[in-house]
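Order of writing sets the chain letters: A, B, C, D, E and F. Residues in each chain are counted from 1.
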Amino acid sequence: MSTLVKKDDPESDPRVKAVFDDIRATRKSDFINNIWRYLAFDPQLLENTWGEIKSVMACESAIDGQTKEMIYLAVSIANACSYCVHSHTAAAKARGMTDAQHAELLAIVSLAAKTNHLVTGMQIPLDEVFDCDQS
Amino acid sequence: MSTLVKKDDPESDPRVKAVFDDIRATRKSDFINNIWRYLAFDPQLLENTWGEIKSVMACESAIDGQTKEMIYLAVSIANACSYCVHSHTAAAKARGMTDAQHAELLAIVSLAAKTNHLVTGMQIPLDEVFDCDQS
Amino acid sequence: MSTLVKKDDPESDPRVKAVFDDIRATRKSDFINNIWRYLAFDPQLLENTWGEIKSVMACESAIDGQTKEMIYLAVSIANACSYCVHSHTAAAKARGMTDAQHAELLAIVSLAAKTNHLVTGMQIPLDEVFDCDQS
Amino acid sequence: MSTLVKKDDPESDPRVKAVFDDIRATRKSDFINNIWRYLAFDPQLLENTWGEIKSVMACESAIDGQTKEMIYLAVSIANACSYCVHSHTAAAKARGMTDAQHAELLAIVSLAAKTNHLVTGMQIPLDEVFDCDQS
Amino acid sequence: MSTLVKKDDPESDPRVKAVFDDIRATRKSDFINNIWRYLAFDPQLLENTWGEIKSVMACESAIDGQTKEMIYLAVSIANACSYCVHSHTAAAKARGMTDAQHAELLAIVSLAAKTNHLVTGMQIPLDEVFDCDQS
Amino acid sequence: MSTLVKKDDPESDPRVKAVFDDIRATRKSDFINNIWRYLAFDPQLLENTWGEIKSVMACESAIDGQTKEMIYLAVSIANACSYCVHSHTAAAKARGMTDAQHAELLAIVSLAAKTNHLVTGMQIPLDEVFDCDQS
């Protein structure tokens, strides 16, 4: 049950087909998951979203791929996005997250949430030492 | 400006002093930041919070220390805890996060928030392939 | 599956019947959706909630009806309320939101979430020019 | 620094004066805190907001006054509203919340946040026994 | 559908069995709900989570048991954790929350959310009188 | 106080200068607010963020400019981003939002938050009529 109509044959639109082909080539898999199938309702939004995901998550960069997926998953949990939690748990596992690391990620995320709420409840002032601002 | 009274001499309480001593020993630094100074209003809450932070964040484990701090920071941003964002940015830098990694973490966290909201707006169904549940 | 018992015949209570009649008259439709059917467990809460919705959303005012529903939908996405996202997407469409506007709303909401997280991660100071406060 | 202009003499508007008088009479205090002073920019919004606060929070009801303020405070922490955390901590203390209860409230709120994130990360299915829904 | 594999026979692990036995003894019930069955994938996380829940929620303390569950429920609603809303509504009812108190809790939680958003939208300054900080 | 070092002379970097020049030209104003000054620490992140803001918010599209800013503001309030609330209140006013519309936006956003929490607390099932999904 979605707020959008999923198209029956999204790849009949050449812009959609080009994105789906790039997803398959980048991931070396024929599987296209639902976020892309539903985003096909608006080819511009589909192109922009995939383009940004590919640029930030699939390329070589300063943070390794597994860590990137674990950070993405942590944010998705905090924002209570059920679909995103599922898809990025799967992505993190595909990039090497072990069961022990999964358990530890859950421990870190939930501990962070705990102290986030504790600190917000206390409304404590910032320590001067944290100031990075030169202005 | 806090919702709690910060004690003038928190270490006159031996339970508080024991925690502060352990913080200094664990971090190899004399600096005690405000979260611990304010938590001193309740020694039990102070002991429990530090104990859990030390156990999850300071010990050898399946995820390296810098990655743990980056995950903690990501959650703190998503939960909009200003103090926590400052303290865990500092902690991640202290454990080796470079400026390039900091910029990339911000790009990942903000992209995750973007797709979290996009997916919540679309209310798309889960793909069966994500199911890890055997029950 | 709800945390409340849905009554079998809610309109046997005259206070509930009066609210349901007003919903039908205001919307020019016989359909009563589940939020009202479940709120019928407490007639006071039902009356207050419908009264406020009617006053803010159904009356002539400074913002046109379609825009009001799009703002309501945007907040519901940000607060991750699945039922609300569905019901207010339907309401916005009923008031004229086109598919192109729906796609653009999703683009705006997700971009806002992205920069919200980016700014919270950077903890940047307010520009003086934003100050509207005369005190 | 606010997004609104605070009026110099808000009580020159008789609708504002009537609300402020009722706040003073209800609270048996001459002090009017900033939420009401800023809401004076729109007398209708001021009247509605105070009316609802008075009805839910100030009247005799099924939950005692101190507990009501502690629930309000818990939500304000979870929603990261700094002003609300301050004002409702003060209100809960005014209604009898002790330091020990304050510490315990912070422990409960932060533990709830911890398990909220843990459960969202695990995406566990509902137990049938929780079902209250007869439909 | 979960992000974790639920073990077929979790109590074959003696650490898991010890926790489950303590849950049954503490609650005087044979029923073990899903959060514990899924947490069994990591005995350490299971032990820590149950230990903290038992310590904060099940023991005699400065706040009575029903109020503690209502505070826990309020936070779970604000954090949009569906499973937690179900389980802590059940727990609050088991500890004596009446239908009238349930309706009133929903009224308080939703009013708090309303003024949280209103105040965040206005960005009003703190009143000096709220300052508890002596530093 | 920020988590980043603000550069003394950001426009000495030609990539930063090009973005700042485009901001000035697009907005027909010499003023560059802090989000762009701080983002200058990473020219790639600056270019991407400005490019997306310009594309979504500054161009002719299916939703008029003032409505787009009001939707952006609504999300920023829900996500509790103080800087964003200030900057997008200013932007919405610059695009024509009147005081009456501002008051009404606050009423809609806070009412949406109220019913979001109410519905999440009730965990009501979706009405079949909301289903847009053909799959």
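Rule of thumb we're sticking to: a contact is a pair of C-beta atoms (placed from the backbone, for glycine too) under 8 Å apart; a residue touches a chain by one contact, two chains touch by 3 or more.
It should be emphasised that the depicted structure is a prediction, and the values quoted were computed from it without experimental measurement.
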*Partner chains shared by subunit B and subunit D (touch criterion as defined above)*: A, C, E, F
*Shortest chain-hopping distance from subunit A out to subunit D*: 1
_Chain labels contacting subunit C and also subunit E_ = A, B, D, F
*With chain centres set to the mean of the C-alpha atoms, which chain is at the far end from subunit E?*
F
_Chain pair showing more contacts of the two, B-E and D-F_ = B-E
*Indicate the whole-number Å distance between the mean C-alpha point of subunit A and the mean C-alpha point of subunit F.*
20
*subunit B and subunit C, separation of their C-alpha mean positions in angstrom*: 34
*So which stretches of subunit F touch two or more other chains?*
1-4, 48, 52, 75, 77-82, 85-86, 89, 103, 105-107, 109, 111-118, 120-123, 125-126, 130, 132-133, 135
*Taking chains as nodes and touches as edges, what kind of graph is this: line, ring, star, complete or other?*
complete
*Which of the residues in subunit E end up touching subunit B in this complex?*
1-6, 8, 48, 52, 126, 130-135
*Any idea which subunit F residues touch subunit E in the complex?*
73, 77-78, 80, 82, 85-86, 105-106, 109-118, 120-123
_Residue ranges of subunit B touching subunit A (in the complex, touch as defined)_ = 1-4, 31, 33-35, 38-39, 49, 52-53, 56-57, 61-63, 67-68, 70-72, 74-79, 81-84, 86-90, 98, 100-101, 103-105, 107-109, 111-127, 129-130, 132
_Quick check: in the complex, which residue numbers of subunit C touch subunit A?_
80, 85-86, 89, 99, 102-103, 106-107, 117, 125
_For a test of understanding, state which residues of subunit F touch subunit B in their complex under the given definition._
1, 3-4, 41-42, 44-45, 48, 75, 79-81, 133, 135
